[in-house]
Each structure stands twice: as structure tokens, then as C-alpha cells.
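Below are structures written as C-alpha cells.
Two complexes follow with chain A in common, the first pairing it with chain B and the second with chain C.
Let's turn to the complex of A and B:
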């Protein structure tokens, strides 16, 4: 609750900042200050200190799972601001308004983190989506950005319609929006319940870009300005996954056997399509968007398994995936040319940045000693503990092996190819250090994941 | 047959027919006009459930404001049958298959429904009256109500960002 209110207020404050000063760096500093404030406030809520005592009638409830998730999201946003803030402020105007939209999205994410009622889920998802459509189209003179925004908006609105229809059926079945009420009624499958479940499954799969609902992802991620692709591929996707997990755990947990196979099939398709298509991409940005589909397939394993391993794994996965992808996108955003060849000999020019990027890529590929390894490990552990579908775990491992191929194409370009001089790309010293700190954090999480997971009381 | 039931079936038929006409009309302006018919029929349903406030709001917001917007957009885009782009045959086939599957699932699941939907009673119960609605909105549902203000604020900010001229340096 602390985060919801303060983040909304800070969003309004951001708009005033643009009103007061014309200096473009000031909004970035104010945004960083705001995120640090939110981090502190969220941590205080974890420790049991509340600033606002609001009676939510049971519609919002925060347990340690939600709060740690919030903390991961806020921290990723902090890293995002630190690394990509200069890119946001390079927009011609509206810089502070763009930051305001990001803060509103964070409000939506913390609504999603604690929802206990389908109504809150809907409002949270909408608060996340609508500013994102704007962010996707914020580069107004770029046709691809316009296309991305329109595509995202139409597809997103359609999937929201599906979600609303599903919610309506569930309400008709149970007579309540509360997840507990739906859970109690969900001991046997009634027609209305099954339709509601399927519609919600489809719309949530759309939001997390799982196959076969992934068709919007490459175009939208590719067309949007790279800074905002970074935001929507990491932080927003994590939030959508959290909503997915929480909804299916708290509303449909009793009838897991009925929908487990559906989620398993979606996960298989997502892993297969994401990984295989990523192999053939020439553009780095497009490859990353397919790789984000592939990573979504892995996270779906957590939704499928739905035990304590899955919970821990998801939190770790959000952290590992967000930090690594934000790092890579921050570097990529400085390039005009988004092909993999543009990175040829990058390590000779900027050894420190290249090292940070290398560790991010290794983490995405799931190499041991990086956070990505343990994230994937927990997911597989969850599936094995679930017990029914070991083949799913085997399939996921094979797909992870495929993913190494396309991630290492970038590593090869960075370290082993002849240099092509990128005159327009410059990295400041602080940027390199933050990249390295980010990479260090990824390694720490990869050596000792309990450092994060011990805060979860599961 | 009591009047309420008769009205119910009439409105149901009207809304279904209107919805079908929205889809089948060749002329987009006719589609929009049929959509207005659908909204009126649905408002009639609300009144049957004694939800007067919802009925009026549905008329004002949807049939009034949003439909006018639709009409304006369609007129500005100057859409007519000649300028309609040729649709890909495979796309059409895919649309039929996917839409048909959804219909199949909906029918297959709902045919077993016993029709035991409780909580809705015709012409009685004051739950839809504006007084009760207001009370519920500002007591039980005040949190979603307040939080949705963030949604509208962000939508407004977004509209301003997208609508503002790119190069203008705010001199004027």
C-alpha cells in the first residue's frame, strides 16, 4: 500500500518537475530519488511499518511473496533508471512526463502484486498497459514506433476484452470477485468456471507473450524505442507473470490437474517457438525479443509447477532476467545499428562495458555462477517436484541448450570479431561502473541465491 | 407470459439482431448505427433489472459520446466499400477457424449449464438504484474506485504526450 500511494504521488510530482525546470537531466535525478524512496518504503512495509492504514476490504493483501516481488521490481527499475536514464532524457520533450508514466506503471505493478480480487487485477493490469502503449509510441516521428504502439494497443485492448469476459463468467459462477470465493467454489468444474478459466488463461498468456499469443511481441519490441523495450520486456513482463501466477494459484489452485496440461502445452510451444526463431534473427534487438519469449516459456514452468520451488524460482527469475536484460538493452540503446555485426570487436573498444554485457548474456543463457543458472534450476526443480511431467523439464533443458547458440553469437561478435569502429557510440565512466556493479550483483545472486530468497517466508 | 418476460425476450432478440447487423453491414456507418441499437437494447435490460443509473450512463456514455466519436472517425477516414482493402483469403480462413473454435468451446461448455444464475432479480431489489450504487461505490469499492483515478490520469498524460506537436519548443 505504501508503494501504491507514494508512487502515484511521485508520478504527479514528476510532471511538475517538467513544469519547473527545462533542464533535461533533472527529471532523471528526481526519478532516481523517487525509486530509492519507494524501495525504502516498501522495505519498511516488509518490516511492518505502514504509513497508510487503509481498509481495502480484503481486496489488497501483501505477504512476503508480494513485497519481495515489489522489492525486486523496484530495484530493477532503479538499475534501469541508472543505466538508461540518459536515453530517456535524450527525448526531445516530455521527458518528465515519460517518467511520470513509468511511475504510474509502478503503481499498477504494486496493485497487481497484492490483488485479492479480480477487480483489482483488472485495474492493475490496465494501469500497467495504458501508459505502456504511450511509451511504445513515444518516438512520434518514427513510423516503426507508431506501428508498434498501434499494434500493441489493438492487441492489448482485445486481450483485455477477453480478460473482462472471463472475469464476467467467473463472477457469474461464483457471485464474487474475491479470489477466495472463486477458490472455494472451484472444487468442481462448472461450465462457466471452465470458460472463465480458459479466457483468463488466454489473456494472461497474451500479456506475458506466451505462444501462440506471442505474435505481437517481436514487432512491438522491435519498433518501440529501445529504452522502453527494455522496460516492457523486463519489469512489466515480470509483473504480468506475477499476476498470472497469483491468479492461478489463489483462484484455481484446487483444480490444478484440470488446467496443468494446458499451461504445459503453452510452455512447450513458447519454448520451442521462442528459441528456434531467435536462432535465425540477424537483428540483435529482434533476437532479444524472441529470447524474451523463450524466457517466458521458462517462467511458465513456474506457473505450471506452482509449489514453493516455483515461487522462489520465479522471484529469482524476475531478478536475474530483469537485471541481465536491462543491462544488455542499456548498451544496445546507445547503438543506432541494431544488428549483431555492430558489436564486432566491441570488447577492444570498451572492455569494461563488454565484460558487464558478457556476464548479462551468460546469465540469460543460464551458465552456472550467474543468477540465470539458479533461476532455471529452481524452475526445473519445481517441475520435477510436481512429478507428473518430467518430459517438460527435459524439453526445457534442451531448449536452454539451443538458446546458448544464439546468445553466444553475440559473445563471439563482441570478443572474437574484427573491430568495426562505432564512432557515434560513447560510454561514460559511471555507466561502465554501473554495468559492472550490475554484473557483480548477477554473480552474487548466482553464487548465493539464498541471499535474496531467505527473505521469502514460504 | 408476464410483460417483463415478454420485454426480456424482445430486448434479447433485438440486441442479438443488432449485434449481427453490426458485423454484417457493408457500410461502416450503418454498423455504427446498429451498434447504437444494441446499446439501447442493453440499456433496456438494465432497466428490467432495476438498474436505472447503469442504463442511463450506458446511454449517455456509449450510445452518446463514444458512438459520436466512432462516427466522426469513420467520416474523417472516409471509409466506404470501394476503399476497403482486399482481405487475404488465408487470413479470412484463419479468422473463421479461430472464431469458430471459440464459439465451439463456448457452446460446448455452456450447453451443460443448469441456468442457476442467482443474484439477478427482475424489476425488484434496489441494488441498481443510484443511492445504493453510490453507497457501495464509496464504501466497499472505494479502493478500486480511487485507484482507477491513476488509470485515468495516466491515460490523460499519455494523450497529451501523443497529441503534442513534436518540434514545438513551447514558445508560442
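Let's turn to the complex of A and C:
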């Protein structure tokens, strides 16, 4: 609750910052201060200190899972601001508005983190989506950015429509929007319930860009300004996954046997399409969009398994994936040329930044000693514990091996190839240190994930 | 008084790790070499000390463990028993030799080169000593990463492609291994990754069959067994020679070791079911690899294919499930490490001086470089497993076991030994003898450092060949645990 209200207030505050000062760096500092404040108040809520007491009639409820998720999201946003803040402030005007939109998205994410009612889910998802449409189109003079925004808007509106229809069916079946009410009623399956479930499954798959509902993803991620692609592909995607998991656990957990196979099939398609298509990409940015689809396939395994391993694993996955992807995008955003060749010989020019990026890539590929390994590890453990579906785990690791192929193309370019195009990029010292700190954090989580997961009371 | 023993395994992990990390930081010329040399020599001392002081009856005390992932039932635990000691000794001996082979200023950014080499050593020691499946998996992967970077940065012309193939192959194998480990973990009663809990598991035949293939694929790729071998010749050829020595001398033993330590005791039913076809596959593969070796013109590729045949023999020996063969395999793992490193030293010298490694372009080196030639002949004899060389003892024991298992299979595998004589002697003849040509005209003999390397290797080859007793005493009891379920 602390975060919802304070982030909304801070968003409004951000808009006023634009009036007060014309200095472009000030909004970044104010935003960083705001995120740190949110991190603190969220932690206080975890420790049992509440600033606001709003009676939501049980529609919002925060347990340790929600709060730790919030903490991960807020921390990732902090890293995002630290690394990409300079890119946001390089926009011609309305810098503070862009930050304000990001804070509103965080409000939406906090609503999603605690929803106990389908209404709250819908409101949360909408609060996240609408500012995102604006962010996707924030490069007004760029046609691709406009296209991305429109595409994202149409697809988003379509999937929201599906979601509303699904919610309506569920309401018709159970007579309530509360998840508990639906869960109790869900033990026997009526046609209305199954239609509602499938509609919600489709719309959530849209939101997390799972195949076969992924077609918007590459275009939108590729067309949007790189700074905001980074935000969309990590933090927002994590939030969508959290909603997916929570909805299906709390509303349909009892009839898992019925829909489990559907999620498994979606996961298989997502892994296959994401990984195979990523192999053929020449543009680094597009490759990362497909890799984000592939990573979504792995996270879907958590939704499929839906046990305590999956719960811990998803939290770790959000952290590992977001930190690594934000790091990579922060470097990529400085390049004008988004092809992989642009990175040839990068390590010789900027050894520290390259090292940070290397660890981010290794983490995405799931190499041991990085957080990405344990993220995948928990997903596999969850699937294997579920039983009878070992083939799914085997399929997933084969896809993980394919993913090594395209991730390591970047490693090869950075470390083993000679410089071909002299890219005119500069990295400041602080940027390099933050990259390294981020990489260090990824390694710490890769050696001892318990430091994060022990806070979950599962 | 046992506290000293407890620390042996920990020391073997920490020494190379610290040596490696220090090397990264020491940019000053030559410093990294001294640090890594010191740490690798200290490892030798530790291994030798552990062999002298830690008697078999203390094997269980010879463990060290740190709490790691409490929630997951994994602890950072290592053990040092007879099997492990032999392989740790090999690892410890190979690395100083490798460091000696690297010339001054041969590689750019020397400190990173040495640092990565030491990290490889750390990973290998971890694989051999791990007493916890998750730790085993961790080190199994970690040994691979520095090698990937070493080969890709300092390797030959086609290094990126060759090394990448190697990486992808082993990565797929190890991921399958991971699934197997996770499945077993969920079956254990106390939810633990410890090797003791794994050994205690009673799995049904059905479960064992599936798990057997998950584990075996990882080990088979690493060894490599035909038809999983295609990464190997290219990787050996393209990697810088010091790395090739580590790869072929120590790293491929990870596969054989994995079979002995994990596969046999864990899945006895599956092993009994499948060992016949596997031995047959391996024997055919050995002949296939030997035939290809005969046709090779590249010195490096010849050694690479010959290595496939030799490793195949060890793998066949393991699956024969006989005490004598198992002891032979453990001894032979050590011997093969020494012998193949010796061959690479020669190949490296020849290539560095002449710039070619095509056998057809060489000739007449014996007249120009007598010391090198003598050494080369000794190494080649050891490769054929002639009596008085170390490999004779090991391969004799393996064949003894194989013959007990099935005389026909032993005969089939024996063909590859005959073939190995053909290609090895052919290589000797064409490289050392004949008339000198423009390429070998200016060939000079070994330097002092190289003679030191030679004498270390030759002394191992001959000592074990003539008096294998001390090493055999260490190995004697090592076959009891892996073969226990089959008695």
C-alpha cells in the first residue's frame, strides 16, 4: 500500500519538476531519490510499518511474495535509472513527464503485486499499459517509434478486451470478482468457467508475449526507443508474469491438472520460436527481443509448475533477467548502430563495461556462478518435481543450449573479433562502475541465491 | 591430528583459485607466471602430502564441507579418496609442465592467460573432489568457461568456430546431466545433493534407464566417445598448445571419472543392461578413430584421433565391470595424461620452429635435434604401450579385464592397438628420419627448459613402466566403491 500511494504522488511531483527547472539532469536525480524512497517504504511495509490505511475490502493484500516482488521491481528500476537515466534525459523535451509515466507504471505494478480481485488485476494492468503506449511512441519524429506505439496500443487493447470478457465469464460463473470465491467455485468445471479461463490464458499470454501471441513483441521492442524497450522487456514483463502466476495460482490452482497441459504447450512454442528466431537475427536489438520471448518461455515453466520452487524461482528469475537485460540495453542504447558487428573489439576499447556486459550475457545464457543459472535451475526443479513432464525440462534445456549460440555471438564480437567499425560511443567512469556493481550483484545471486530467497516466507 | 587431512581438499581448491585471481591483477611482466607457478607447485606438494599422510582408512575423514544452500540441501563438500588422489596428482603435475612450456611473451596479456589457466585447474580439482552433485555440476561447467576463453582468444585461425562447437557440445551434455541430478535430488529421502544420499537411493529399473542416458550423454561427449567426438579434433587443433595439453591431458578424464564416480554406483541395473552395446560401440569407435588417424597428415590431428582411441579403451575398461580393468583404467588415466602431454610438447616444439605441422612436409629432424628425437621416440613408444613404458601396465590390466568380460570384444579392441603402432611409427619415421628439407634445415635442438620438461615426463613414463607398485598400491582399493553394486 505504501508504494502505491507514494509512487502516484511522486509521479505527480515529477511532472512539476519540469515546471520548476529547465535543467535536464534534475529530473533524473529526483527520480532516483523517489525510487530509493519507494524501496525504503516498501521494506518498511515488509517489516510491518504502514503509513496509509485504506480499506480496500480485501481487494488488495500484500504478503511476503508480493512485497519481495515489489522490492525486486523497485531495485531493478533503480538500476535502470542509474544506468539509463542519461539516455532518458537526452530526449528533447518533456523529460520529467517521461519519468512521471514510469512512476505511474510502478503504481500499476504495485496494484498488480497485491491484487486479490479481478477488478484490481484489470485496473493494475491498465495503469501499466497506458503510460507504456506513450513511452513506446515518445520519439515523435521517428516513424518506427510511432508504428510501435500504435501496434502496441492496438494489440494491448485487444488483449485487454479478451481479459475483460474472460473476467465477465468468470463473474457469471462464480458471482464474485474475488479470487478466493472463484477458487472455491472452480473445483467443478462448467463451460462458463473454462471459457473464462481460456480467455484469461490468452490475454495473459499476450501480455507476457508468449507464442503464439508474441507477434507484436519484436516490432514493438525494436521500434520503441531503446531506453524504453529496456523497461518494457524487463520490469513490465516481470509484472505481467507475476500477475499471470498469481491469477492462475489463486483462482485456478485447484484445477491445475486441466490447464497445465495448455501452459506447457504454450511454453514449448514460446521456447522454440523465441530461441530459433533469435538465432537468425543480425540486429542485436531484435535478437534481444526474441531472446526476451525465449526467456518468457522459461518463466512459463514456473507458471506451469506452480509449486514453491516455481515461486522462489520466479522471483529470482525476475531479478536475474531484469538486472542482466537492463545492463545490456543500457550499453546498447548508446550505440546508433544496433547490429552485432558494431560490438566487434568492444573489450579492447572499454574493458570494464565489456566485462560487466559479459557477465550480463552469461547470466542470460544461464551459465553457473551467475544469477541466471539458479533462475533456470529453480524452473527446472519445479517442472521435475511436478512429475510426469520430464520431457518438458529436457526440451527446455535443449532450447537453453540453443540460446547459448546467439548470446555467445555477442561475446565473440566483444572479445575475440577485431574492431571493424569505429563506433562513436563514450562511457563515463561512473557508468562503468555501476555496470560492474550490477555484474557483481548478478554473481552474488549466482553464488548464494538464498540471500534473496530467504526473505520469502513460503 | 586429523585436522591436517581435512584441509587437503580445501587447499587444492583454494590454491589455484587464489593463484588465478592474483594473476589477473598482476600486470607486471613475469609476475603472473611466478604466482601461478608457485600455486601450481604448492598443489603438487599438497597432493603428494595427502597421498602419504591420508591412509585409506581415513578416507571418510578426508572430507571438508561448508554450508552452502541450506534451503536446497546442498553443501560445499569435497572428499579425497584413492580415485580422486590419482586424478588430482595428474592435474597437479600437468599444470607446472604446461606453465613451463609457455615461452616468455608468447601470448599477449600474459597475466590473463595464466589466470584463466589457474581457474581451469581450480575447476578440474573441484570436479574430481566434489562430494555433492550440485557442486560437481558447478565445477563441471566452471572448468569449461576459462578453457573457452583461452582457446577463443589465443587459439589458431579457426579458433572461434572450433571452440564454439566444443562449448555447445559440452553445454548440451551438461544440461542433460543437470536434469538427471535434479531428478535424483527430488527422489532422495532427506532432500540432499550429497553423494552419500545419492548412493543410498533405491531407484527402479525404469528410472535408472532414463537417468543413465541423461548422465551418460554428458560423460560421453566429454570423453569423447564416437559418435560424439566431432568437436574434439578441431578443438585440439585450434586451441593454443598449453590449453590443448590441459584439454587432452586432464579434461577428457572428467568423462571417464564421471562414469566411475557417478554412473556405475548410481545406476547398476542400467549399466548391466547397456554395458554390452556400449562396449561394442566404443570398440568400433576405437578402430574408426585409429583408421582416421592413419590417414591424417596433420601432426596435431593425428594425436587428437589417437587420443580418441585411447580414451575409448579406458571407457571400455570401465564398462567391463572387472576389478582389474577398473584399476587399469585409473592407472591409465594418469598415464595417458602424461603421455599425451609429452606428445603435445613435441608437436608444439616442431610447429613453433618450422611453422608447419604437416607430417609430409617434415623429415630428418633426428639428425638436427637428437635430444628431441630421443624424447619423441620414448613418448611415441608410450603411446603404443610398449613394455617398460607406463601405458603398457595400464593397458595390459584393462585388456586383462576385457578378456575376462568377453574375449571377442578384447580382440576387437586389440585391433586398435595394432593400428596405433602403425600410425605412431609412421609419424616417427616421416618426422624424424628421411632427408632434411628446406623446412627442417635450420632446426635446433631443445633448450634447457625443454630438457627439464622432457626429463620430468620421461621419468614418469619409465618409472611407472618399470615399477608401478607405489601407484598401484594407491589405486588398489579405488575400484571397490564403483564396483560394489555389481558384486
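Here are a few things to note about the model shown:
The rule we apply is simple: the second predicted complex is superposed on the first by the 454 of 458 C-alpha atoms of A that agree within 3 Å, B and C clash if a C-alpha of one lies under 4 Å from a C-alpha of the other, contacts with A are read in each partner's own complex, and residues count from 1 in each chain.
One rule holds for everything that comes next: a residue touches a chain if its C-beta (ideal position, glycine included) is under 8 Å from a C-beta of that chain, and two chains touch if they have at least 3 such contacts.
Predicted model, so just to flag it, every value in this text is computed and none were measured.
Which of chain B and chain C touches more residues of chain A is settled by the count: it is B.
Contact with chain B, but none with chain C, is seen for A:127 once the two complexes are overlaid on the shared chain. Shared-chain residue A:443: touches no atom of chain B or chain C. By the touch criterion stated above, A:37 is placed in contact with neither chain B nor chain C.
In the superposition on chain A, A:342 makes contact with neither chain B nor chain C.
Once the two complexes are overlaid on the shared chain, A:15 sits against chain B while remaining clear of chain C. In the superposition on chain A, contact of A:369 is made with chain C only, not with chain B. By the touch criterion defined above, A:390 lies against chain C but remains apart from chain B after alignment on the C-alpha atoms of chain A. Overlaid on A, the two complexes show chain B and chain C touching no common residue of chain A. Across the complex, chain C is touched by residues 367-369, 377, 380-381, 384-385, 390, 393-394, 397-398, 400-401, 404-405, 408, 412, 415-417, 448-450, 453-454 of chain A.
Taken together, the chain C residues at the contact with chain A in this complex read 68-71, 137-138, 141-142, 145, 149, 152-153, 159-160, 164, 167-168, 171-172, 175-176, 178-179, 182-183, 185-186, 210. The part of chain A that touches chain B in the complex is made up of residues 4, 8, 11-12, 15, 54, 56-57, 59-60, 92-94, 97-98, 100-101, 104-105, 107-108, 111, 117, 119-120, 123, 126-127, 130-131, 133-134, 137-138, 140-141, 149, 172, 175, 190-192, 194-195, 198.
Those residues of chain B lying in contact with chain A across their complex are 105-106, 109-113, 117-119, 140-141, 143-144, 147-148, 150-151, 153-155, 157-158, 160-162, 164, 166-170.
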